[in-house]
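The two complexes that follow have chain A in common; it is paired with chain B in the first and with chain C in the second.
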Partner chain A sequence: MWELIQSNKRKSLILFLAMGIILLLLGYFIGGMFLGTNGGGELGVFFALLIWAVVSLVSYFAGSSIMLSVSRAKEVTKEVHPQLFNIVEEMKIASALPKIPKIFIINEEAPNAFATGRSPENCAVTVTAGLLSRLNRDELQGVIAHEMSHIKNRDILYMTFAGVMLGTIVIVSEVFLRGLWFGGGSLNRYKNRSSGGGSGQAVIAIAALVLAILAPILARLLYFAISRKREYLADASGVRLTRYPEGLASALEKLADNRLDLRAANKATAGMYIVNPLKKKGMKLSDLTSTHPPISERVRILRNMSQGAGYMDYQNAYMKVKHKTERLIPNSVLDSNEKVTIRDTSVSKETIDKKNYRRNLGDLVMNVNGYSFVHCVCGLTLKIPPTYKKSEIKCPRCGRINKVPPRNKL
Partner chain B sequence: MNCPHRKNPMIVLELANVETDYCPNCEGIWLDSGELELLIEDSSVKDELLNFFISDKQIKEKAIRCPICRTKMEKVYVGKEEKVIIDECKHGHGLWFDKGEILEVIEMGSLNKENEIVKLLMEMYSHKISPNKKEEG
Partner chain C sequence: MSAFLIFIVLIVLVGFFFAGMYNSLIKLRNRVKNAWSQIDVQLKRRHDLIPNLIETVKGYMTHERDTLENITKARAGAMGASSVAEKAKAESALSGALGKFNLVVENYPDLKANQNFLALQEELTSTENKISFARQSYNDQVLFYNNKIEMFPSNIMANMFNFKQEEFFEVENEAEREAPKVKFN
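Presenting the complex of A and B:
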């Protein structure tokens, strides 16, 4: 396992460094263009690094709490959803994480999940209510194992930094291009100001311009390439933990079926989720610019794992489905003797009352959010948010006036 | 969730395991399509309800925003001579009925009253249905 993380780190580091170089070049040329060739480039590099460092520090220390509050996730206790806790504990043991991650629920219909945190000691798994209501135990286990693999493989920290670097590149080039546009600045102005520059300065100016246009595009492609590879890897390690590829496969299928957008997600956080939470209707996202590999492909790989659930089996299925000889997992990690047998499904043909289950879950989430419940004599239940200030409410079914009980303060 | 008109908090009503959102202030009703999708297994029942309304860009009623995605909702109508205009989210999040509109739509009679959702809605907001009927009779 550790070796996989290592080789993972190495490959991602290369892509990461490539992004870093783009950022530095951008800083160098913009600096050189505005401040002249004597020391200007270095100053530009310094500022580019400074911006990156500040944003990185913020996201390192506050990243996961920002992410959780932006997505309006609520931490839950074991009583709220024992099964979810049970699965997380089980996967914690299987993956040998040092601590049980915190568990959060987002009260939304769109099924999705993500993991956050800067280290395995300090992390959280978040799922939506829609996910819990749609998946059975095996499927939920598959999703949780995938998320825990992100934690285990240190993907989160890494994607945060890569994301921040992408953001910095985009901001620097945007500010530069817009400044050029609105400043009415012709390139000549800067050229003339520098004393001995001449044609060398013009070259730098043009290079800065070209770079400012190309850098965000290049950085995005690199970022997406990293992100997609990590999704496959998390699938592979997740399945190895559960020994049940079909669980994750059918969960992914259910997630793909969903037509609801996740309200709590935006472009910046989309990459964190197990499946892309934002769908564009009638538009097939091109492979290059997607944070996630196509779900159908992930499912096909999982379904092709007929021999076992180890890394080797995932690798073989991956190469078969993608018709590629390129290896996802380096040979040094693959132990051809490793036998991870696929287990049987743990779900007996359960007949849970879906409506009831969904309702109970929804009620629990509302409870956590400080709603109070009024049961009118006529049979209607009124669920009142903490923001409702009056002490009485009229039942729309029978017209009775009901008292609103005092709310627990949040 | 907040009411699209005055941003007052809406309360959630539950009857027979079905929830709707209701604004106690303006008495408007929000029908969430995610909720409908989950609760009514037969998706044709839901589609029947959602496709029942006809979009019309000519209607000049003040646009309100979807309580979920906050984009402006589309005006849709039902009925041939006397139109009832309601609001539908362009992104398929749900339908908004102003005060009394849901009853007008149901009483127009063209909606299939055997439709599970329609039945439940009539039941849930029956307090307002009965006084109307008394006036007629």
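Presenting the complex of A and C:
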């Protein structure tokens, strides 16, 4: 486990360096073009770094709260969904995280999940109501294990910073290109004013232009490649935690079946989710530019893990399915003697039919919104809105008086 | 003079190296201890849940006195166990008794509609899971720690300061794996 984190750290560092160099070059050439060769490049670099530093600080300290409020997630207590809380705690124990993450629910039907937080001490797991009402216990466990692996492997922190770097590169080149488009005249003004620019200035201008067009594309490719790899790794670590590949596999299949877009997601937050929440747009993108590997492939890898649930087994299945010799996990961190047996689940393989699914979803949405439930002896379940203030309620079917439980504050 | 300085610097560096090794062994040993206490917490929780469970189902399962008594007995045995090996054995007996109970429950549709029971069953299932995950994590830590103790160069340190190998929490799954016997007449 710890070695894997180390090897992740090294790889992320290389990614950061590559992106950082792109950003610095961009700053240098744009600065040199507008402000002349005497110190203009350095000033450009300075501004590029300034933008980057500000955005980094904001996303480090406020990133997860921004993400949670943008996706309209509500923090819930254990009463709302005891099973979810139990599963998160199970995975906390399995992954030896120091603390149970906070738990949020998004009141939407599209099934999805994500994890946020800058460190294992300061993190949260979010799922949608649609996910909770569609998956059985083992499947939910698979999804939670995947999310907790993101936390454990420090993916969130790294992907946030990589995202910020990417964002800065995109912003800088966008602003530059638009400025060029709308203010072509002003460029000439700068050019005339600079003392002895001449051909040197023209070369810098062309370099800046080319870089501004290429840099965002290059940075995106780098970012997406790493992001996809981390999804595979989170699958591998998740399965190692649950010892049950089929749970995650069938959960992913159910998620792939979904045709609904998650309204709370947008292009900027899409990379955080377990599967791409923007299906209709996402499907048309080519493999190179998507943050997530195709679900069918992830499922096939998981189903190919017949020998065990360890990293080694995942790696073998990965290479078999992708027909690749390239390794997902470097051999040096793998313990080839490690035997991780797949657990046979004693939990009933409950299936959730359409009718139950609708009822589960409705109940859950009400629960998150502060409704409480009273089970009358006659078998009727009364759903009481949070605005109901009296302490007793009469059952409409049999006329018995039932006590309304005290409200749990959200 | 300069040779003497180099010598001092070397001594200090080696000192730091050994101190670091010692500290990392201590850290690993504490992780193992912590993982063990996690198991203990969950085992205790399971022991606490059982009386509640028996109380809830007693009214429904009048014909299953044996199953219920087995659970109570296994619980008493598990609470009395002290060493790692003893505990593992007693707890797996308890898991076996609970597993049988779960099979029997399928015959009582009334019970399965009882909200109170369903909540209790979820708690119990989760506690069972937590126990096995805690065990899994404990064994992971023990493996890592034991490897460190055996491998060069940390084995020198381990020998000097008497770091001992830790026991794995192995479960003899006899009771758990025992398939329900079905008679066809």
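Keep in mind that, in the parts below, the second predicted complex is superposed on the first by the 335 of 410 C-alpha atoms of A that agree within 3 Å, B and C clash if a C-alpha of one lies under 4 Å from a C-alpha of the other, contacts with A are read in each partner's own complex, and residues count from 1 in each chain.
Just so it is clear, contacts are C-beta pairs under 8 Å (C-beta built on N, C-alpha and C of every residue); 3 or more make two chains touch, one makes a residue touch a chain.
This one's a predicted model, so the numbers in the text were calculated from it and none came from an experiment.
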{"item": "Dominant toucher of chain A (residue count), chain B or chain C", "value": "B"}
{"item": "First, second, both or neither for A:170, with chain B first and chain C second", "value": "neither"}
{"item": "Contacts of A:97 with chain B and chain C, given as first, second, both or neither", "value": "neither"}
{"item": "Which of chain B and chain C A:202 touches, first, second, both or neither", "value": "neither"}
{"item": "Which of chain B and chain C A:86 touches, first, second, both or neither", "value": "second"}
{"item": "First, second, both or neither for A:368, with chain B first and chain C second", "value": "neither"}
{"item": "Partner chain(s) touched by A:396 [first = chain B, second = chain C, both, neither]", "value": "first"}
{"item": "Partner chain in contact with A:321 - chain B first, chain C second, else both or neither", "value": "neither"}
{"item": "Touched partner set for A:110, first chain B, second chain C, both or neither", "value": "first"}
{"item": "Chain C contact footprint on chain A (complex, rising order)", "value": "1, 82-83, 86-87, 89-91, 93-96, 137, 241, 243, 343, 346-347, 375"}
{"item": "Of chain C, residues touching chain A in the complex", "value": "31, 35, 38, 42, 99, 102, 115, 119, 122-123, 125-126, 128-130, 132-134, 136-137, 140-141"}
{"item": "Residues of chain B defined as touching chain A within the complex", "value": "9-15, 17, 19, 22, 24, 27, 32, 34-35, 37-39, 68-69, 91-92, 123-128"}
{"item": "For the chain A and chain B complex, residues of the former touching the latter", "value": "109-110, 130, 133, 259-261, 263, 354-356, 358-359, 362, 366, 371, 379-385, 387-388, 390, 393-399"}
